[in-house]
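See below for the structure under consideration.
We call the chains A, B and C, going by the order they appear; numbering starts again at 1 in every chain.
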Amino acid sequence: MATRQAIVSLFIFLVFNIFLLAVCHAAKPSLETKVSALNQFSTNNNGVVELDSDLYDEFVAKPRNYSMIILLTAMEPQINCLPCKEFDPEFRLVAKSWQWSGNDLSRLYFGSLDFKKGREVYAKLHLNNAPTMFYFSPTTGPYAKEVSEPDKYEFNRRGFSAEEFASYLSGHVGIKVPVKRPINFFAIFTTIFIILGTLAVIKLIFSFIKKVFQNRNTWAAISLVIILMMISGHMWNHIRSPPYVMSNNGQISYIASGFSNQLGMESQIVAMMYAICASSMCYLMFHVPKIEDSTKQRFGIYLWTGILVGTFSFIFALFRIKNPGYPFRLFI
Amino acid sequence: MKSPSLSFIVLIVLSICLIHNTSATTENEIIIPQYWINTKFIRTIDITTAVVRENIAILAQNVHNEPLREYYFPINENFDVHLSYITVKEKKTSKIFNIVKADFDSFKRIQFYKIIFDRQIDPHEKIVFIMSTAFIHMLTPYPVEIAQSGRQNLLFRGNLYGNSAYTTEQQKTTIKLSTANVISYTKIPGVSRNGNTIIYGFDKKKPDDYEELLVHYEFQQALLTIKGVRRDFEISHWGNNLAVEEHYNLTHDGAKLKGQFSRLEYQQTVYTHHETIMARDFLLVLPGHASEVYYRDEIGNVSTSRLRKERERTILEFKPRYPLFGGWNYTWYYGYNVPLGDFLKYDHQTGRYIFQVSSFIDPFHNAVYDKAQIRIILPEGASNVKVELPFPVNKETHTVFKTYFDSKGRYLVVLDKYNVVQEHSSPFLVSYEYSTLELLRKPLVASTFFFCGFLLSMVYSRMEFRIGK
Amino acid sequence: MKVLGLDTQNLSALLKVVILGLIAAVALASRLFSIIRFESVIHEFDPWFNYRTTRFLVANGFYEFWNWFDERSWYPLGRVVGGTVYPGLMVTSATIYNILRTLNFTVDIRNICVLLAPLFSAFTSVAAYLLTSEIKDSSAGLLAAAFIGVAPGYISRSVAGSYDNEGIAIFLLLFTFYLWIKALKEGSAYWGALTALFYFYMVAAWGGYVFIINLIPLHAFTLILMGRFSSRLYVAYSSFYILGTLMSMQIPFVGFQPTRTSEHMAALGIFGLIQIIAFVEFARSYISSNQAQILFKSFVVLSFVGMLSGLVLLTLGGYIAPWTGRFYSLWDTGYAKKFIPIIASVSEHQPTAWPSFFFDLEMLIFLFPAGIYLCFKELRDDHVFLILYGITASYFAGVMVRLMLALTPVVCVTSAIAISRLFDIYLKLDDTDKDNTSAKNNKPAIEKSNTSAKSNKSAIEKSSRKGDASRSTSSSTSKSSEKKKKSEQFRILGFDTRILVITNFFFFLVIFTWHCTWVTSNAYSSPSIVLASRQADGSQYIIDDFREAYYWLRKNTDYSSKVMSWWDYGYQIAGMADRAVLVDNNTWNNTHIATVGKAMSSSEDVAYQIMRRHDVDYVLIIFGGLLGYSGDDINKFLWMIRIAEGVYPNEVREVNFFTPRGEYRVDDEATPTMRNSIMYKMSYYNYNELFGGQGQDRVRGARIPADKIKLDTLEEAYTTENWIVRIYKVKNLDNIGRSLEQAGAFELGKKKRKRVKRAN
């Protein structure tokens, strides 16, 4: 009884093994075929191998005597993956420059797998965000590395620029991966043209320009604008690039919460407030005293003082929003 | 011609050196003439605190054929360095006898002390006197390391037979302990122990008989040693104010902390802290009128401490930044101001000011002091200063100290003493003369200073620095 | 008329002195909150280094200090303190100390250091007075002094105990500018030399001297462009530049930079330019043919271009060092974040949002533009200076929070000018009084007109021959003089309106003082080494864990032991614990810091290797989890990782510390790398046991994983009362050559067996 079972199981086991072997053989093409296929693909499609799920599995499968960088992207319009669209040209640029770099092409291949052709891969890798890029280092051959895990490219840290990408590749492959941006003649021409045009215009109205240039009010205006921008935290916006306004569930908020935090709109409002206060000061100093008629003058003074106080108290109110612990207020 | 003479000189020099050395290294063994016999020799060794106090009542008889007034008493060198004080008084009249350091037996390493009675003792006459001594650093923790909330055992080593320069006929030794649980003690016939006292008795002992006495017992208190204390008393007649400042350098000499300190365990065993040997806070009693009290260490206020005012006294609940375990150190200083009237009197007959320092050291959690320094800063212009001390100090210096608004400096008295214990916490007096005219010195100095300043500015403003017109 | 036997002249002089004295007293007093609340102690981090060096200087004298090699910091590298420090601060306080000692004032050096900044802010208000009264008049000067005395933007860096370079540097900055203006007006080498002297002091005191050495040339250049070149400018600038540069090169830390680095090239270039122009002016006075004029003009332009290109070439050739990172990051604001994370990681290098401008300057912030406008109205040389200062400083303040400090003085000066101008107009009562005041105002006005007339004369001469620019200036000056005349005729007719405006602004000023006091007492007066909290009964409870730990280290560890901690605490450990540290706040060696970061962020065995290699005896970390102290090391951990990754990109990977969802977690979801890092282990060691179960982190608001944290290579040496500071001892190698892990396991096994024995 027992023996019989044993025999049966043994038999099954053998069969199964044979079957397995057969399958493996069927599924695994030789390295040469893979490389040639890759070469062909890449040369046809200047440097980039367009993959689908099967090809992906085939080329990723060990052994590899080449290293491969594979971009998992989603270019379909309905998915609307902006970073994918942003990165795609850069990726192709690097691939192209690699192709023309004269290096041994079989060292590195660029693969690109689109979502619509590679859902299975996405599913298999549990990927839920694109673009994602993996670097597969060679497992056999002179450049083999023992690292079996593919290395993931960190978009959030390295960004989307071709240069950064190329340096990353150079680091991994060991050869300098170049980036040759095609020269955009059109842009150059346009810039030259514009410069010439402006020069011509300046020449035409030179006397006027000169008047403006030597008029102190222009300079006053310029420097005051600069100062107002600076003291209303424009540099903060420039560096941190916050949203212009915040719209959460319907209503739009112009004021960001938090003391060291602000919105684009907010800083402009503040600049405006400062400008109003400053100008009312100036009116009180220069304009009003020159008025000869006493009633007009009185009216002017009351008006500007009112504006000044009102704006200032508004600034106070604004500041209390930013800093709730602030004890002082002015009228409002 | 020249070289031999030179070599000769060298030779002489060398030989001189040689002689000198030998003379330096000759050991002088001292033979005490056996003029006395101790008919009774009763010791009580008190090791209930960190200080070892040994009281010896001696009934001595003159066996010489002529009257004597000197009695020698030996103390081993390794004990002598820890000797904190020694006094002798007669039993009946409790009259203090004079005791002086006699010469040193560098062969047996024994220091002799000479007791000088107030009268001649005739042959065959007897005298009963009590000698009380105190030693510090005689108790060593064993085992050396214990856990954070472990129990501490101490080891006391001594001479089983009281050391004496003369033969003893009958002897009794009583050892007082703080606890009843003694791990071990030297067991010999005729020893008896009940509770926390151990009693030995012998008769017929020759002068240099020695046998080690060993007592190993539990001692669940911190062994605090003050490596050094400096107490400043600054007298100001201007502010009618006495400024006191005390600098402490404290070490916990108990069994060391095994391993490292665990805050977790510390917080979990908070209710048993009083049972451990860890020292966490001390109560320092300040005078009632103490004001502007501050307590700092090298990096600022000791914010863990606090001050409590009572009617008669001010209490500083001093708590170091961290609890003190065995082997840990802490240094700090505190100070305060008190009205001068509480401590300074004016004697109208002699026309002298008398300043009383309430005590040489503050009794501090029965800690022992390796070194204590008292600095008394008398006001500027104080003259012919006298210091009257109840006991001798190792060093007394009179010098000058300069501080705010001083022109010629203040009179500074510095007193240094080593191996200080509670018995030294007794008051003493400093008296000096001081003329009221001296009060005017400071304002004069200050005003002249400012006057010069204004004068300079006046001159400057009237000068002309322009070149040409 | 006479008041207390003094005529108006003397009375006003007396009043000025008294008021200025009072202002100085207020400026000093309003910085003492921290002493009154807490104690007289050194604050924060850098001051502790300055304090330590000052102590060294006082103890060992100047020469010892000058070539002091401090082997107790940056172990094992050490640091050449004498050559890498701006000695001005220490020398100043040491000098004060010695002077007082010679006068028998036995003041503790600590108190001098603590009170130095308030003292110098009193001086600053005087300097502001001088500068402003040089530009407008003494009433404006007094206002400016009052403003700078209490403006929070300046108080933030100069409260008692913040013993830092800025404390004295701002005074030097203002005073140097005052002397420069003076020199420019007088056109005298005497004032120029004085300027150079104080510039030297500034160089010795603060790295911000670069601002001066770029602003003054900018001023000179602008004046040249405006066609206002004059012999006064030539004398003032040449004397200042030559003497100043020579003296500044005496500071070892500066050395040959003035000839080698881009920061100083502007000054050098302007110096050359000004020489050429002077020569041309001289030659022009002899030759007067038009072609020659054109020739000269082109010569000037060409030489300027030539110098510029030469500078560029030298820079490219590497003979001149390009801008150093710290300064370069001011221009290219993204630079630091990418390449110098150490600079970017410091909170005071962040850009400034508008609320902090308002917080630090309240109403001055909108008086500032008004004042600048005023400067444009009558555009004299010193006004040009103010405008340039205002623009540049406001830009810098926008880029970096800490540079608010540089902006505050000019804001105070300009707004003082604006307000005093307003009061001039609205306080003129009747004509007699008007004459009186205007008499006072006129005197400077007249001088001005003289000086401007002088400049006019030359300008007119020029314009007669050539010079459109100069014509414009002459016209401008004449215009300004007309305006001055008009301003004499300004009249406010209604009395009520005067009252209205005056009361209104008086009210504003009152609010301003309230604001300043409030800000000072609430925001800028806590010495960050002790934390204050309120108890249930409202009494103040002081959390003093830092000093507890430091003093424990100081008293109970071997003097030669090395302490590893994140660089923020290096200076404090050196100062308070007096132990050798690996890295400190003088972040001169990125690699060393990165090594410490790597040790902190890597697993025990890797870290152990690093620590052994650097002979580390103790590791000190800050942990706020129990108390909710948010400035602790777990929150700074990301920066450690980033800095470490910058140097060891293969060993340390930032991504491994983020959960797949890209979050930074410490609870059950924390990544294995995070949990294995010794920083994590040290922070939460024994923490669960305290709660008997899962520990609650009050900063991150997270529950710590329940599994017990095991440390093999480190053992807890000391933890402070509130667990804020935790000190660990690095174990020695095992006696019988096992790895410490095995040893630990063995011990554990033994314990277990014991327990079993006890059980049965």
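Methods note: contacts are C-beta pairs under 8 Å (C-beta built on N, C-alpha and C of every residue); 3 or more make two chains touch, one makes a residue touch a chain.
This one's a predicted model, so the numbers in the text were calculated from it and none came from an experiment.
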Contact partition of the other chains, chain C left out, is A | B
Centroid comparison with chain C (C-alpha atoms), farthest chain: B
By C-alpha centroid distance to the whole-protein centroid, which chain wins? C
Measure off the straight-line distance from the CA centroid of chain A to the CA centroid of chain C, and report it in whole Å. 34
Find the geometric centre of each of chain B and chain C from their Cα atoms only, then give the gap between the two centres in Å, rounded to an integer. 52
Can you work out the whole-Å distance between the CA centroids of chain A and chain B? 77
Listing for chain C: what residues touch at least two other chains? none
Any chance you could list the residues of chain B touching two or more other chains? none
Show me the residue ranges of chain B that touch chain C in the complex, using the header's touch definition. 259-264, 267, 297-301, 303-304, 321-322, 327-331, 402-407, 409
Okay, in this complex, where on chain C does chain A touch? 333-334, 350-359, 363, 365-370, 372-374, 376-377, 379, 387, 390-391, 394-395, 397-399, 418, 421-422, 425, 468-469, 472, 476, 486, 490-494, 496-497, 500-501, 504, 508, 511, 514-515, 518, 522, 654-655, 662
What residues of chain C sit close enough to touch chain B in their complex? 38-39, 41, 104-106, 530, 542, 544, 547-548, 550-552, 554-556, 576, 686, 689-690, 715-721, 723, 729
Going by the contact rule at the top, pick out the chain A residues touching chain C in the complex. 152, 154, 156-157, 210, 214, 216-217, 219-220, 223-224, 226-228, 230-236, 238-240, 259-262, 266-267, 270, 273-275, 277-279, 281-282, 284-286, 288-290, 294, 297-298, 301-302, 305, 308-309, 312, 315, 319, 322-323, 325, 327-328, 330
